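Below you will find the structure I want to go over with you.
Think of it as A, B, C and D in the order they're written, each chain with its own count starting at 1.
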Amino acid sequence: MINLKDIRETARDMLAKGEARAVIGYRRGSRGMLAEPAFLTKPEEADELVWDPTCFHNLSLYLVHDRKHLAHAGKNSGGAPVAIIAKGCDARSIVVLMQEHYFKREDVYIIGVSCEGTGVVDERKLATHLNGVQASNAAFDGDDFVFTTAEGEKRIPAREVMADRCLECRSPYPKEHNLVFGEDKTGRQLEAPFAALDRFEAQGAGERWENWARHFDRCIRCFACRSVCPMCYCDECVVDSITFPVTTETTADEKASRIRWIERSAARSENITYLMTRAMHLAGRCTDCGECDRACPVNVPIRLLNNKMEKEAREQFGFEPGASIGGPSLVASFLDKDPGEFIR
Amino acid sequence: MSDQQPYEPKIVAFLCKWCSSAGSDLAGVSRIQYPANATPITVPCTGAVSPMYIMSAFNKGADGVLVSGCHIGDCHYLEGNYLARRKMYLIMKLLEFIGVEQNRFRMSWVSAAEGAKFAQVITDFVGDLRPLGPQDKLKRAEIK
Amino acid sequence: MEKILEKKRVDDWVAALTGYEVHAPALEEGIWGYQPINGPIRLDHTNTKQPPKEFAFPQREVFFSFEQIKGEAPRLKQVMPSGPRHAVFGVRPCDGRGVPRMDKVFNDHAQDAYYNARRKNVAYVGLACNKPPSANCFCLSVGGSPVSTDGLDVQLTDLGDRYFVKAITEAGKDLMTAAGKLFADPSAADQKQLKQVHAAAVAHPQRAVNNPDQAPAKLKASFKSPLWDELAQACIGCGICTFLCPTCHCFDINDEVQGKAPLNGQRVRTWDNCQFPDFTMHSSGHNPREGTGARLRQRVCHKFQYFYENFGMHQCIGCGRCITECPVGIDIIHVVNKVVENAG
Amino acid sequence: MSKKRTGVFVCHCGTNIAATVDVAKVAREMSGEDTVAFTQEYVYMCSEPGQESVVQSIKDNKLDSIVVTCCSPNLHEKTFRDNAQRAGINNFTCEIANIREQCSWVHADKAKGTEKAIKISRSVVRRVNRNLPMDAVKVAVTRRAMVIGGGIAGIQAALDIANAGIEVILVEKQATIGGRMLQLSETFPTLDCSQCVLSPKMVEVNRHPNIRLMTYSEVKEVAGSVGNFRVKVHKRSSFVDPDKCKICDHCTEVCPVVVPNEYELGLTSRRAIYIPYAQAIPASFTLDEDACLGLNPIRCGKCKDVCEAGAIDYDMRPVTTTEEVGAIVVATGFDLYGPENMPELGGGRVEDVLDGLQFERLISASGATKGHILRPSDHKEPKDVVFIQCAGSRDPAKHCAYCSKICCMYTAKHARLYKKHVPDGRAYVFYIDIRSGGKGYEEFVQRTMEDDDTLYLRGRVSKLYRKGGKVRVMGTDTLTGQNVEIDADMVVLALAMTPSKGTMEIAKTLKIGRDKDGFLAEAHPKLRPVESVTGGIYLAGAAQAPKDIPETVAQAGAAAAKVIALLSQATLSRSPLIAKVRRSHCTGCGMCVEACPFIAIRLEGGKAVVNEALCEGCGSCSATCLRAAIDVKNVTQMQIHEMIEACLA
């Protein structure tokens, strides 16, 4: 059981002693029970920190933001490290970022939090359970989540409202950490890995397409999936014209010769190209934090695409994303025994 | 296209310069006939084929995409085809996953000595694509 | 024109609207969205995920197509919106209030032919909110009301087994007269119940922007406030808040080239959005709204200051979508209150 | 950037193209392309007047790039690029659209063929629009070679290169050079003493002013490419200073540790401090770290105490050095196929069943028995000896598919040598076929059969096992159709030759290919038999394929000649079509570094940097980069994008 007091004290201590220039964690927001990202720089702010089943955000995104701010200011380092609260999946994201040299190990102080009996809540599943009743607070309690509502306390077995990815999580414990709270419950997985994916894949190709066609039609290209993803840290996205890093080195020719792989129109064909390319680019890098899926305002099951890549990588190439900082990259490496039967 | 003409699948064929493009040259020198549906784009190596190319070809209206290179162990650049094998496997699985017909994407190893095989690969591919009809899943909608 | 329509007759009304393509909220993949009617109409929706702004301002609008044969002058062919008239059922009062705001934007200095062509082709059948459909509703504090008829052509009020149907505009009257026989005249009891329902709706507690009248001046005074950066620290720069906003109207215009020999394609308008980092990116690489703070300020000030200065009303209509859907808890009510309060 | 002015030259190739492709239509369609300023068709574009016309048209029309739609670029790309240069434009702005091999010759339907030819041509025109003028990259050459492997192949190659005045580094894994040949007693077909032939060469290597010998050393890492390799060599510690060692042998007398002697293939034992052979080069003892009691005067220290020369130094450490060389010869030799793989032939566990190399040591004057043939189990002279050929060779179902080539000859030699030593003994040879192509080889085998009265039995041995102090060999004589049972005193297996373990490792380290059997792959089986697929790396000896000594020496000489030719040039020209980083887009993630097969990319200041001398332009980096931050020049993603578009227009 994680004691919130310990997390707060660690944060307070680190900020007071200057061991961290900021602590990124979770605090209660202004919207009911939901936690939101918190950026603490003063010791006295430590009491704002919370740890509950709505702490779904993968905060490593903000390490990326921090890096971009530093780079923009022409700095390589911000001095003391940034401390960050990280669940198992979040910590793996941090590992991938370090694997890709986005920052160095010493730039970050990982305060790991183990998802012990449970994981985080899936708002959509919860909404069905609460049936319109608003909750003002959420808490862990063993294998249950406890919600405070106007109609009193509501206790729900976690597995009924947990995010799919948490049910299937293979490593809820943040292996890479400086400090960790909570027990290592690796192997507690409540559903088989890729269970949701397997259910979807059990359909025929025709049915899968019908489903995806509807999903891709819904996409409004708000790019929340990309914006919320710590791995989508590119300054310019390969597939659209939303971002375009222009530096003093950028030539007029370069500006003129941007490849328009896809059009800006939110048409199905373009949405597919975008989302599939994103899935390819996340292959071997996505740690299944589920943020893209959660952020999508029109419920495109983006996780399934990424999950498909993760499953193939695991089963065919024995690859686990975010396993170690010095590990190989999925698409920049190969094994002699990689499958080749599909090739004529 | 008039009603009389049979449907002709459009194929983009990414051929590595050293093996498959040379193999297709050999098919030519040997005058082995095969359907004219595949337009070759010669790349240095299959390792240079970005999955984005596959997506883009389908997006621009290809009915089928072929990637062909040197046999494993024969890569002029030693490892390019190993890297390609992995990348292409992933994109193939992803296409299959969203429900694109398996036969729309194909990969083959055709060495410089395998002119007949090159012709066969194209013939088979066209044959497999015909029954599928035009690819409209990923294709950008036509201008109205 | 005020009438009573039994709920079970609503489908008959819809069926009688033969000159219209009727859209109503439908639940798909857990999302309420406007869809062409297909089976019995449902008006038990919370609020739709996306506002009905698409009917007049679609995400993609083709302006014209072009073709240029080498050595010849380019040929353009204007593409004007066409199609049947639309009747959109179940529009919430807040979204109704969005309509006149959009009308102003597209008809202020210049008339937007594309917008107007679509706009005159659509009629909105509103549904009063007997109770707030979302925990983040705040229409009352921005000059609206759960029973507002602003922007609507017809207003429905749920009186249990029947609707109180009120024509607001001539277009609304047309919709009702198309099936005149289905409607009954309201009794005094109906009128009384309507009053009671409306009074209760208005009395229902809501979240609120504290000093909406002071907001324009206070925001203006807070342009350089450090609060913007602080409040926007978690912002990920996605397009959810703006794309789902009933009054956000920014767009981009692109040429989508179809072929190069001869050069042909179409000029297309697509939604754009001030929260995307490159929205204000100059070709030189300079970005006047570099950080998330500047971009949040733009969105908030547009809603509560600039629009007010231009048109004498708040652009925000208090639907709460941007709050509910923000993946990282950015809350426009909280932001406005905080900045206004801080301005002293 | 002002608009390109591209010329398109459509070749009819007589009727080769024109018969099945509407060439006029191709030209017409190309003239509709925005950047095409000039088109021309001609019956033979590659003919003298055709080429002149290309040159003239470039000049007359102020073209800055050209596309020739004709035959495969392998045939005339150079021709037309030269023409481009002659006309004053850069040769890299000329591209070939292959509408013959890839179109007119394979499609009889003229309408369809024409359509495809247009697509091909259009895609190349679009590509050329974005081609940049470029100059070939000149790279200086390091005038030094490395030979890996100190067997006869390596020795020969090193001597030949050194004699041409080029510095050579010869790297050998063992404590001495000499390799397998040093283990042999006599060699066929002349039966001259192997060591007598080899020793002078070994000495020459040691004394040669242009040869630096690195024994007990292994190549760990190779970077760079033809002309400029950087090789990391790890030298194990021998704990004996070869310059001081007097090879007096006092140390072995006191060393308490006894281990099997690998140089004698386990037939004898040695001490922890030992000299592989009396003729070892360098002439020095070596202390086997793994066997020694502890390199510590407190634990033992006897050898150090007794060494008058003070040659033993327990503190000697392994050294890793980086050597810069311009070319590499790989001569890492062979091993024998493991008998443990062949349970039918005793699986290596039946006493008095030896392999060919063990038999060589047994009959060698310098071997365990000082040249007397005594069987290992009881040190008695064997009277019935069975030689089994093709043990592991020519057996695609169970073992190696290939013929090991030398076994027929050395088995005949073994039989003869045996008869010389034991005139009253009986020698039997099981064989499948006798392959004795080679000067004097067939005569040699005939003499073995006739003069030495060796019984050749055509057939395979199905089983052998120990019985009553003998080895019972059960086989079939396919010529008589009879089953044969022989109770032999000793059996000698002519085991298949396999690439040495070191060969497999070196192939990985050098990133040179291997064939299906694991031998090093030559660049072309006929025309480039001594080159590896990687420029600047050459092959010699049995690491490439089974071969005998004369063949090995010939190949080593050929490899040396190639090295000499390469290193006689001051600079090398390299294709400029190599990777280029867009620094603004690079985030320094390092995926390109990992993907690059040539170690040509490194991270510097958080950005990828391409080493122009190493990059081969394969594009693996480009397809791996998530940000399109790296591209191969003139085959950019932008160009491919436009080509895809053109193919589908």
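In this text, contacts are C-beta pairs under 8 Å (C-beta built on N, C-alpha and C of every residue); 3 or more make two chains touch, one makes a residue touch a chain.
These numbers come from a predicted model, not from an experiment.
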{"item": "Set of chains whose contacts include both chain D and chain A", "value": "B, C"}
{"item": "Identity of the chain that, by mean CA position, is farthest from chain B", "value": "C"}
{"item": "Computed distance of Cα centres, chain C from chain B, in Å", "value": "46"}
{"item": "Approximate Å spacing (C-alpha centroids) for the pair chain A, chain B", "value": "35"}
{"item": "Interchain centroid distance [CA atoms averaged], chain B/chain D, Å", "value": "33"}
{"item": "Gap in Å, rounded to a whole number, between the CA centres of chain D and chain C", "value": "71"}
{"item": "Per-residue multi-chain contacts in chain D, two or more chains", "value": "595, 624, 637, 641, 645"}
{"item": "Per-residue multi-chain contacts in chain B, two or more chains", "value": "51-52, 56, 79, 83, 87"}
{"item": "Of chain C, residues touching chain D in the complex", "value": "69-70, 259-263"}
{"item": "Interfacial residue positions of chain A with respect to chain C in the complex", "value": "29-32, 34-37, 39, 57, 61-62, 72, 124, 134, 214-215, 218, 220-224, 226-228, 241-248, 250, 255, 260, 263-267, 291, 294-295, 297-299"}
{"item": "Residues of chain B defined as touching chain A within the complex", "value": "51-52, 55-56, 59, 72, 79, 82-83, 85-87, 89-102, 106-109, 121, 124, 137-141"}
{"item": "Chain B-facing residues of chain D, complex", "value": "72, 74, 98, 100-103, 105-109, 112-113, 115-116, 119-120, 123, 511-516, 521, 533-534, 577, 595, 597-598, 616-620, 622-624, 632, 635, 637, 640-641, 643-645, 647-648"}
{"item": "In the complex, chain A residues that touch chain D", "value": "100-102, 233-236, 238, 245-247, 249-250, 252-254, 256-257, 259, 261, 281, 328-329, 331-333"}
